[in-house]
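A short write-up of the structure that comes next.
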Amino acid sequence: MSSTFGSVFRVTTFGESHGQGIGAVIDGCPPRLPLSTAEIQQQLDRRRPGQSHLTTPRKESDTVSILSGVENDVTLGTPIGLFIPNSDQYPKDYGHLGNIPRPSHADYTYQQKYGIRASSGGGRSSARETAARVAAGAVAEALLKSAHGIEIVAWVASVGDYETPSPDPLEINRAAVDALPVRCPDPATAAAIEQDILAAKEDGDSLGGTIGCVCRHVPAGLGEPVFEKMEAVLAGAMLSIPATKGFEIGSGFAGTRMRGSRHNDPFVKKNSGLGTITNYSGGVQGGISNGEPILFKVAFKPVATIGKPQDTVDFDGNQVTLEARGRHDPCVLPRAVPIVESMAALALADLALRQRARG
Amino acid sequence: MSSTFGSVFRVTTFGESHGQGIGAVIDGCPPRLPLSTAEIQQQLDRRRPGQSHLTTPRKESDTVSILSGVENDVTLGTPIGLFIPNSDQYPKDYGHLGNIPRPSHADYTYQQKYGIRASSGGGRSSARETAARVAAGAVAEALLKSAHGIEIVAWVASVGDYETPSPDPLEINRAAVDALPVRCPDPATAAAIEQDILAAKEDGDSLGGTIGCVCRHVPAGLGEPVFEKMEAVLAGAMLSIPATKGFEIGSGFAGTRMRGSRHNDPFVKKNSGLGTITNYSGGVQGGISNGEPILFKVAFKPVATIGKPQDTVDFDGNQVTLEARGRHDPCVLPRAVPIVESMAALALADLALRQRARG
Amino acid sequence: MSSTFGSVFRVTTFGESHGQGIGAVIDGCPPRLPLSTAEIQQQLDRRRPGQSHLTTPRKESDTVSILSGVENDVTLGTPIGLFIPNSDQYPKDYGHLGNIPRPSHADYTYQQKYGIRASSGGGRSSARETAARVAAGAVAEALLKSAHGIEIVAWVASVGDYETPSPDPLEINRAAVDALPVRCPDPATAAAIEQDILAAKEDGDSLGGTIGCVCRHVPAGLGEPVFEKMEAVLAGAMLSIPATKGFEIGSGFAGTRMRGSRHNDPFVKKNSGLGTITNYSGGVQGGISNGEPILFKVAFKPVATIGKPQDTVDFDGNQVTLEARGRHDPCVLPRAVPIVESMAALALADLALRQRARG
Amino acid sequence: MSSTFGSVFRVTTFGESHGQGIGAVIDGCPPRLPLSTAEIQQQLDRRRPGQSHLTTPRKESDTVSILSGVENDVTLGTPIGLFIPNSDQYPKDYGHLGNIPRPSHADYTYQQKYGIRASSGGGRSSARETAARVAAGAVAEALLKSAHGIEIVAWVASVGDYETPSPDPLEINRAAVDALPVRCPDPATAAAIEQDILAAKEDGDSLGGTIGCVCRHVPAGLGEPVFEKMEAVLAGAMLSIPATKGFEIGSGFAGTRMRGSRHNDPFVKKNSGLGTITNYSGGVQGGISNGEPILFKVAFKPVATIGKPQDTVDFDGNQVTLEARGRHDPCVLPRAVPIVESMAALALADLALRQRARG
C-alpha cells in the first residue's frame, strides 16, 4: 500500500513533480459532508511555494479540482477525486545533474529500487507530492470538525538552534501561527529564525527544525491496539513526510529522563468524565486517546538541496563537484506546517471511522 | 488491521495477559525456510521476565509451540501458528484495583474504547503481548538472515540520565550486548545504570530510557514510497510497542540543528556500488534503504507501575490513593532490546518481500 | 491476504490437516457481544465427519477452545483466538501416494507454487481447513443475530441429477434442513439423493451438487461498491471453499434467458420502506442489499478422492494406476451446508461493520 | 476497500457518470514496463458506446490520458494515474425520474446506503464506471503479456436462448471475436443473436446472456489459498461488474451432475511438466493455476433500463407508471467482452506479483 494511507478513510495519491500533475483519491469518506473546493484550496495555499521572501521564489498556483464524489458541495459517499495540475515545471533545470545522484536526495535509492527514475527533479520523491496530501487532509479535517469539533494546529517549534517557547495547547490557533511568515507564534523567536533563514540563504545553505502539533477535542477511545495505536499511526504518518527524521509524543525523549512517580499523569474528574492533571502522555494511553490534547513533535532535517558546491561521485563512482541550480527553500519548516496538520487529519479521520465501526 | 502487521509478510497476534495464552499467526512467510522451535525460543528467552535481579521476579517460562506451517523444521509456505501458554497468572493481584484506573496505564482508555476491559492485569495492553511479537520476529529474522544476511542488533542506549557512548554500528553484536544484565555494551555506563535501577527499585519508583538499534547488510532498495517509506514503517512499528514515546532515525532530532552543507552525506564508491561517507541519513534516503547501516533510536517512558502511593481518582471521579502491588520491572529497557529487534525484523521482512514482488 | 478474510471483521485461519490442529483469529469483533464455546461448538458439530452413514466414518471430535478475546462469555473487543486440535490424523494412510499427484487434488499445484507440500493428506488444501471457518463463522453469526436479527439458512439444493424443489425463503430453517441426514428439506428428494449417494459409495465413486442459501433480515444498505459489492464478496467467499465451481445470485444463469421487462423487480410499499414484488435480483441491486432475502446457490464438484483405480502419471511423468485408500465422503454436500452458512456470515459481518463506519 | 482492487498490483477507481470524468490509479505496477496511451485506448474503444447498430447511439469518445507514473512510454514504478473525461453527459435526461427509484437499478439501494445519490443517471453505479476498469485492465494486460506471454480472450457465449458452440480455448482470439458486432465467434449464432437484439430493441425491451473467457499461458502456481484462491478472486472480480448474476469455472454447474470418476482430470506428461488430459477443473486445482487454460463463464442479467412502461412505486410508496427515456443498450453483452477481459487481467496481475514475492 505504498501510495495508500488509511484503511477505512483511505487516501491514494499519485503524480510526479514534472508530469501532468498530482492528485489524490479518497475512498471511504462518509456521505452528506459539506465540502467545497474553497476550503481545500485554503489549506493548499498555506503549503504552496512563493508565499514569502523566506521560501522558494517558484510560483505555483496549485489550483485543485474536485473530479468526482461531490455534488452541489456535498459528498456522495463515493470516491473523491482531487487533481492539481503542474504549472511551473522547468524540466531543464535538472538536465545538468544527468548522471550525478544528489547527496541525501532520493536519486540513488530510486534508481536502486526501480532501475529507472524520473528524468526531471525529484519525480515522486519531490516535496511537491505533499500537495496531494494537503488537499486530501483538508477533506479529512472537514470530516473531523463536522463529526467531533476536532481542531488541529501545528507551528514551527524550532529552526536550527532557536526553540519556540511551548504555546498553550488549548489556545494556539492558525491565525496566530500565520501572523508571521516563519509560522512561529512567538515574535521574538520568529525574528531570530527569520534572520537565521536569510543568513543560510545568503550562504547557499539550508536549515532544519521541528514542527509542534496539537489535536484538540479528540474524543477518548481512538487508536487501534496493538499495531495501529494512535501514536504508531501518527508516527508512521509523520515519518512518511519527506525530510523527516524523528517523532515524539507527549514527554517524548525528554520523558525518558524522568522517574515514573513524576511522569505518571494522575486522573482527575473533568466535565464529561475523567481527565489528567499533567499530560506527559500526550493525550494517549495504551495507544488510545484519553480525551486530553494530543501533542507531538516532528523533526525535519536541513533541506538537502543547497547552493554550495559538494564533493561527491557520479553513478559510475567518478569523483565530481556538484553545484545545484534551481530555486529552492533554504528552510521548509514554514511550509511544513500544513503538511503536518494534513497527515494528522488523515490519521485521525481513519481512526475515528474505525472506532465508529465498533460502536 | 489493529492486530495485524505487514502486508505481504503479515503477522496477526492475539492473547491477553491472563487468558489461556498469547500467540501469533504469520501469513506470507516463504516456503522452504529452515525454522526450528529452538531459534524462536532463544529470542523469547531474552525477553522473558525473571532473567536477572534487575527485572521482575515473576517467573514465566514462555515456551513456544509451532501449531502449523512447519514440517520437519522447514516452512511449508502456509500460515505459521505460534502459541505461548500463560503460566504465571496471579489474577488476584489485581482485584484490589477494581474501580480505579491506574495512572498512565490503559485501564481508562480501554474502558472508554471498548466499554469493557479484562478483569485482571493489563489484558491486551499488557507488555506480555510483546512475547507474540518476539516469537514472530524470530521467524522474520530467520528469513532476513537466510535471504540477505541481514543482522539486527539493539542495545540499551540510555537509562534516565546515563547515556551509552555510541557503539560502532558495524561491530556491535548480541553477545556484547548480553554480556551484562543491563544490556548496555559499555561496562562503565552499565554499572551506573545498574545502580540507578536498583535505587529506583528501592524507592518503589521506575525509570525510562532509550534503545538504539542497527540493521546491517540491508540491501539498497527497501521501503515503499510514499506512505510506507522505510522510516515510516519503522516508526510505526516502534511506536506500537508499549511505553514508547519517540523514534528517530539517523541524525534525528539533533540533526535539526545542523546545516545542510554538513548534514548531507556525500556519495563515494564502495564495493557493490555507491555508499556514503557520513551516515546522517541513517541508511535511508527518500524512504528507501541506501545500503548503509540503518540506525535508529526509540524512547521508552518510565514504567507506569510504581510502588509509591499515587493520588488519583476512581472511575466515578472520587479521590483515592492508589498503592500498587504485584511484581513489576523498575525499568523495562533491558527486556525491550529483543522487542525492538523483533519489530525491526517484522518491518524489514515485509519490505523485503514487497520489493521482491516488484523485481 | 491469502489466509485472511474481511477488512473490518477480519478472520485469519491457520493449520494443516495433519499438524497440531487448526485455528482462527478474529480481529475486529465488537466488544460486549455474548459468546460461548457452546454456540461455536454447535455449528462445528454440524460440519464434523462421522455424523451419519452417508459421510466418512472418520471420527473427529473437533472440539474448539477459545484462547483469547472472551471473558465470562462476553467479547472484550480484542482478537478472539480459536483452536481445534487434530485428533484423528492417520498420517500413514497417505504414505503410498508418495510421488503421485492425485488427479483434481491440489498436490501438483501446491508443489508448483511452494516447491514443497505437507507430507500427509491435503495439508492446508484439505477440507479440514474449513472447520476453522465454521468456528469463526459462528462468531460472525452471533454478531449478526445480535445486531440485526439476521438469519442464515443453507440446504442441499441438488445432488447429481436430483434437484430439491425451492423451499420458501422466508420459512426454511435449520431444524427442517437437519431433519434428514442428506440436509435436503424435501423428503422425497432426500430419499432419492440418499440412494444415489449410497450407490456411488458402493461403486467407489463420488457425487457433486449444489447448496442453496438464504440470508434473511439483512438490512438495506450493505455492500461496498464498486469492487466489494455484496454479490462480489459472497462470490469470492463461496469460491474460496474447497471443491466449489460456481456461484449464482437471484435469477443467476437462468435469468440470462429472461427479458428485462419480466426480470425487473417492481417496487412496492412494505413495512419499513420499499420492497420488491418479485426477487429476481436475489436481494441485491447495484451491489447493495435492498432488504429482500438474499438468495444464492453454490456448485460443488464431485469429490476428487474416489475408490476406483485411476490412470494418471507420477510427478516424473511415468504412467501409473492410482488406487486411493483412506476414508472419505462420497458426497460432501450435507457437510457443506454449515460451511456455506459460515462464509456467508463472515461476508455479511464484515459488510455490516463497514456500513456502520459510514453511519 | 470498496473502490480498490488487488493487494500488490492495486487499482483504485473513481468517478460518476455525470461528473468531470472517471479515472483509475494503479499502484504497484512494476517499473520499466513499456506502456503507451495507444494500447490503453485500443481496449477502451472496444468498450465505448456507439460502436454498432446494436448498442446505444450515445457517442462518447472515452479518450484516456496518463496523468502520472509513465515517462517516454515506460513505467516508472510509481502510481499510474489514468483519466477519461465525461463528454456526453445529458444530465437532463434523468430529471423526470426525480422521486422514482428505477426497478432493478441501484437508485433505491444507494439512497438507503448513503442517504444521498447522484442527481443524474446512475452516478457511481452506472456502467460508465467500467471504463476505468478497462483502462486499468489494459495496463495489467501489458504486464501479463510482457512477463508471461499470457493471453486473455472473452466472447459472447450466449444471449437469451441462443448459445454459442464452445470455441477451441487454444485458438480463439480477439480478431475472431470482433469480426462481427455481436462479438460471438460463431457466425450462425451471431446472426440469430443479432435478430434477437434488434427484436428486443424494437419492443423497448432488453436481453441478458453469458460471456465466456479463456486465460492462456498462465503459469502453474498462481492463486493464494485459502481465501484468495484463483477462482475466488476471479469470481469476486466478475461479480463486481454491473449486471452480473453468476460465475462458473471449468465444469461449473454442469459438473455437479457428473461423477468423480469422470470429472477427475488425469495427469499426463507435457512439455514443461505435467498437464491434464481433460480440463473439467478449468485450469485450477486447490485454488492454484495448474498450467492449463483457465476457463470461466459470467452471467449477465437483461439490462434493467427498458423502454416499456413499468408499474412500480415512487420513494414515498405511491403507485406510478415509469416510462424510461434516454438512450440505452438493449443488450450489453457485446460491450461486456472487454470488461470481463479487463477484470481477469487485474485479477491475474495481482496474483502474479504476489507469487513473485514468494519466490
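So that you can tell them apart, the chains are marked A, B, C and D in the order they are listed, and the count of residues begins at 1 in each.
Here is the rule we use: a contact is a pair of C-beta atoms (placed from the backbone, for glycine too) under 8 Å apart; a residue touches a chain by one contact, two chains touch by 3 or more.
Everything numeric here is computed off the predicted structure, so don't read it as measured data.
The set of chains touching chain A and also touching chain C is given as B, D. The chain pair with more C-beta contacts between its two chains, of B-C and A-B, is A-B. Chain D has its Cα centroid 46 Å from the Cα centroid of chain B.
Rounded to a whole number, the gap between the C-alpha centres of chain B and chain C is 39 angstrom. For the pair chain A and chain B, the distance between mean C-alpha positions equals 26 Å.
Contact with two or more other chains is made by residues 1-4, 7, 13, 28, 31, 77-78, 113-114, 124, 225, 354, 358 of chain D. Interface of chain C with chain B (complex): residues 1-4, 10, 12-16, 19-23, 25, 27-28, 31-32, 65-69, 71-72, 74, 76-81, 83, 113-119, 123-124. Contact residues on chain B toward chain D in their complex (touch as defined above): 7-8, 28, 30-31, 77-78, 225, 353-354, 356-359.
Those residues of chain A that touch chain B in the shared complex are 1-5, 7, 13, 101, 103-106, 108-110, 112-114, 122, 124-125, 129, 158, 160-161, 200, 203, 205-210, 220-229, 231-240, 242, 244-253, 255-261, 263-269, 273-274, 276, 280-282, 284-291, 299-306, 308, 310-313, 315, 317, 354-355, 358.
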